[in-house]
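Questions regarding the structure given below will be posed in turn.
Going in written order, the chains are labelled A, B, C and D, and every chain counts its residues from 1.
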C-alpha cells in the first residue's frame, strides 16, 4: 500500500502525466466527464461520470480497414496504429468491473486486436466511492464498492490518497512514481467501513438476482410481463449507449470518394434494424427487442460466463432513459 | 390533482366512454414515473401525477388511436399543441381520443434538483412551492421555482388548446415569456464564438436518437437516418461533420412543425441544449414570415409549406447579421 | 501487429455459373490462385464488396476440392444483387472460415445419411454431400431429397444429373412444387414427399431450406419416429462480425455465427424460437 | 483542396433546369467565361434541392455552394422557387447560427436570358470563396485525407 497527502495531489497527477496521458473525471457544465489532465485541472467530486470509461477501450467509432478500389482490383490497407500508453484515474468499482465483462467478450478467441491493444496500453486506477447515490446497485451484482478492482485501487481519506497495486501494470506504475510514500496495508480500513455503512442504506441495496441467471432462460423468455414493461419504450438507443457493459457493434462502409473506409460503431439491440436481413427481421416488435436487451444482461451473458451477470449496477440507464424504464424495474417486475 | 384525475378516469372507464387510459405509473423513486396505459379501474391504483410527470404523451396517441376503442389522455398545455400538430398531419384520429386538459404550473427538472445537492435521494415531498428531498446525506429544502425546468420557466402558453373536458380553469398564452433570449444571446456572439459553442455542445452527442424518438413532430415510419442509402450513418458520428449534419437536419425536418415542447432537451442523456436549435428556426420564421405557433390550431399551414410573393430574399441572413 | 480476422483478404472470382434465374455459383481463389483458407463442410465465409456491404455465405464446395472455393448465392439484397452483376476476374474481399460446420469427423462418421434440401438450402448441404462422396469409405449410404419451386429453380441441376444420380451409393429424389410441362418427376411439397418416401429411421438427417419447410418436415420426421437428436440443420440469421462478439445473431444464449450455424434439433428446442 | 499549395476552391452550383441551366448554357455560347472550379448540378427546380444535398456537398469537399433558380414568379412549376426561397433562408440562418461562414452559401435568381449575369455571379462567388479559404468548419476529414 502506498500513499500521498492530498495537498500534493497535483504533483501526483503531474508525475503520472509525465510519461503518459492521464485522464480523470472533470466537472463539465452538466456532469463529470473524463478529460485529459493538464496543469491546473481539478478532479470532480461527482459520484460517477456521465459517460462511462468504456470509450477508452471500445470507442463509439473506429476504422477497421481501408480499401482502395480501382476497376476490378481491391487493395486492403490495415490502418491499425499501436496505441500509446495512458492512465485512467478515478474509475469507480462498477465501471472497473465492466472492463472485465468486455474482456470476456473481446479478448475471447479470436481476440479483437483493436480492443486488446488499447487494453494493454491502458492502466486503470480505480477510486472507491465517497457518496454513492440512490441509483447505485452494484452490490446486487456482487461488486464491493469499497474494494474497487482495476490495476491500482485507491481510497481517498480526508487527508491522503491511498494506493494499492493489484496487477503487474499497477505495480510498475506505482514503482515508477517516486513521489509516493509507504503506508501500512490496513490504512484504508476506516474508509472502507465508512463506505460500507452507506452501502447498506442504499435504497436499491437489497435488489436480488436469484430469480435470474442462465438456467431460467425459457421461463423468463416466455413471461407475460414483457408486454407491459415495454409498452412505452421509444426504441431509442440511450440505455445501450450509456451502458458500460454493452458490447454490440455494427460494421459499415463509408465511401470517402477516394476509397472506402470500413468502420465499426456501437449498435443497439433496441434499434429496429439490428436483426434486419434479406428475408426479414427475427425481432419485429419492440417487445422482442426490449426483451432481448434484458435477457442478454440477466440470462444469456450469465449462461455463457458461468453466472457472472452482464450488468454492473452503475445506474446510468436509470438516469438517462427518456421514459424511466430500466433494468431495476424489469428485475423487480420479473422477480419471483 | 392526481385524485381528481383517477376518479374521473375511473368514471369514464366504468361507463365505457373510453377503453384505456394513457397516463403515468409510479417508478422506483418519486422522480421517475413511466408513461403507461391502464385498461381497468383496478390498474389505476398505480396511476400517478406529480411534478415529475414531464413527458409529452401525445406521440403515443399515434399508435393508440389506431387501436380499437377510445383512449383517454391527460394533456398538459404544451402536450396539447403537439396533439394539434399531429392532428394537422393526420397522424392521430381525433374521434379515437378523449382528452382531459390539465393545467400545469411547471415541471421539476431532475438535473437541476441534483445540481442543488439532491444526491442519494430516498424520498421527495412537495407542499405548496417548497420541495423537501430526503437523502442518504441529510435533507435538502428547495424552492420549486429554483428547480423548475428551463422550458417551463420560459413557458410559451399555459393554455390547453385541444380538449374534450378541462380540469381546473384553462390558462393563457404568455407572449413575452423570454423563450428566445438565449437564442438572441447566441446570435449576438461572433461566428467563431458560436462555432466553438456548438462544436463543444454537439461533440458530446452519442447519437442515441432519444431526441428524435421522443419528439412528437418526428413520427415518420422510416426516418431518413435509418435509410442506409442516405449516406448518413444512423448510429455513429463517424466525423464531427456528421454530428452537425444530424442535428441540423433533425431540427430542419421539424421546422415549422415544432411546438417548442422542449422534450428533446429534457431527454438528452448528455444534456445538450437541443431546443436552442429548434427555437432558432421558430424565431427566424417569426421574424421573416410573421408570428406562427405550430399546433395553435389544427389545420394551419406551417411557414415552410407556405409562401407569399413578398418573402424576403435568403440574402437577408447577410444583411441582418450586419445590423446585430 | 496481431492477426485480425475482421480485416479481410482479397479473393478473385474465376468462374461464374448461372444455376437458376436468381442463383449463381461463384468460384473464388486467392490472389495467388490457391484457396484463401481451408474449411470443414458447413462452415461459412464473409464475402464483401467495399462500399456495398458484407454478408455471410456458406461455402458450397467440399474441402476435398483443393483448387478453389465455391459460393452459390441467391439474389435477394443489395450485396447479392451487386455480386450477381459481377463478371469473371472481379476481386472481392473474403474472410473466414466461420462457424462450427457439420460434425463430419465425429457424429456423422459411419452413419447412413439423409439430406433434405429446399431451394437454395442445397448450397450448405452440397459441401457435405461431395465431402461424403469423396470419402465414401467413412460413411454409409446417402439419400438426397431435394425440392424447389420449379424445374429451373433446381440449383446445381447438372451436377445432380451427371454425378450424384450416377453414383450407386447415392439415391436422389427430386420434386418441384407445382406441375410443369417437360418435368416427369415427382410434384409436391417436400414435407409430404418425405412422408411418402418413408426413409428408414437409422439415417442421420441433415436439413436446410426456408424456415417454413424445415418446420413442417421436422414435424413429419418426428411423426415417423425420428429423434430430434438425429436431425441437424444450419441456420441463416443476420451476421456481422461472424466471431460471436457483435451480439446480433443470438438465439437465446447461443450465437449462430460461433456456436452454429449447424445446430442439432434437440439443442435448438431448448432455445427460444426467435429465428 | 491544396494543389501546389495555391488554394483551388471547389464550388458546387445547383442550377434549375429551366432557367439557370439555360443561363449557364447561354454564358457558354456567349464565350463569357467563369472559373472551371464551378461544378454545375442540374436539378428540375430550385426547390428540389434538399438541405441534405447542400450539406453533403460540403461534406464531400465543396468550399462553396450556390443555388441558382428562376426569378420568383417565373418558375416553370409556378411555386417551386417560393418554397426554395423560404427553405434556403432557414438553412442559411441555421448555418450562420452554428458559426459557419455565411458567405459559403448563396442563392441567386438567374433567368435563361441572363448568360452574362450567370458568368458574373460565378466569378464573384468564386472570388468570395477564394478570399474565405478552404472549408474547415463543414468538412468531413475522411473525404479530405489523400491516403
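Rule of thumb we're sticking to: contacts are C-beta pairs under 8 Å (C-beta built on N, C-alpha and C of every residue); 3 or more make two chains touch, one makes a residue touch a chain.
These numbers come from a predicted model, not from an experiment.
Participant: Just tell me the minimum hop count from subunit C to subunit D, counting one hop per pair of touching chains.
Facilitator: 2
Participant: More C-beta pairs touching across which pair, A-D or B-D?
Facilitator: Ranking A-D and B-D by C-beta contacts puts B-D first.
Participant: When you take the mean of every protein CA atom shown, which chain's own CA mean is nearest to it?
Facilitator: A
Participant: Roughly how far is subunit A from subunit D, going centre to centre by Cα mean, in whole Å?
Facilitator: 46
Participant: Nearest whole angstrom, what separates the Cα centre of subunit B from the Cα centre of subunit D?
Facilitator: The computed centroid separation for subunit B versus subunit D comes out at 36 Å.
Participant: If you average the Cα atoms of subunit B and of subunit C to get two centres, how far apart are those centres in Å?
Facilitator: Here the centre of subunit C sits 52 Å away from the centre of subunit B.
Participant: Report the inter-chain centroid distance for subunit A and subunit C in whole angstrom, where each centroid is the mean of the CA atoms.
Facilitator: Whole-Å distance between the two chain centres: 39.
Participant: Where in subunit B do residues touch two or more other chains at once?
Facilitator: 238
Participant: Using the touch definition from the top, which residues of subunit D touch two or more other chains?
Facilitator: As it turns out, subunit D has residues touching two or more other chains at 140, 142.
Participant: Among the residues of subunit C, which ones contact at least 2 other chains?
Facilitator: none
Participant: Going by the touch rule stated at the top, which chains touch which?
Facilitator: Applying the touch rule to all chain pairs gives A-B, A-C, A-D, B-D.
Participant: For the complex, which residues does subunit B have touching subunit A?
Facilitator: So the residues of subunit B touching subunit A come out as 27-29, 32-37, 55, 60, 110-111, 119-122, 135-137, 204, 206-210, 212-214, 226, 228, 233-238, 263, 266-267, 269-271.
Participant: Across the complex, what residues on subunit C touch subunit A?
Facilitator: Residue list for subunit C touching subunit A: 1-10, 50-54, 76-77, 80, 89-93, 236-238, 240-241, 243-250, 252-253, 270-272, 274-275.
Participant: Along subunit A, where are the residues that touch subunit B in the complex?
Facilitator: Those in contact with subunit B are residues 29-31, 33, 47, 50-51, 60-61, 131-134, 198, 201-204, 228, 231-232, 234-238, 240-242, 250, 252, 254, 263, 265-268, 271-273, 316, 318-320, 322-325, 328-329, 332.
Participant: Using the touch definition from the top, list the residues of subunit D that touch subunit A in their complex.
Facilitator: Subunit D reaches subunit A through residues 60-61, 140, 142-143, 145-147.
Participant: For subunit A, which residues count as touching subunit D in their complex?
Facilitator: Against subunit D, the touching part of subunit A is residues 66, 77, 254, 256-259, 261.
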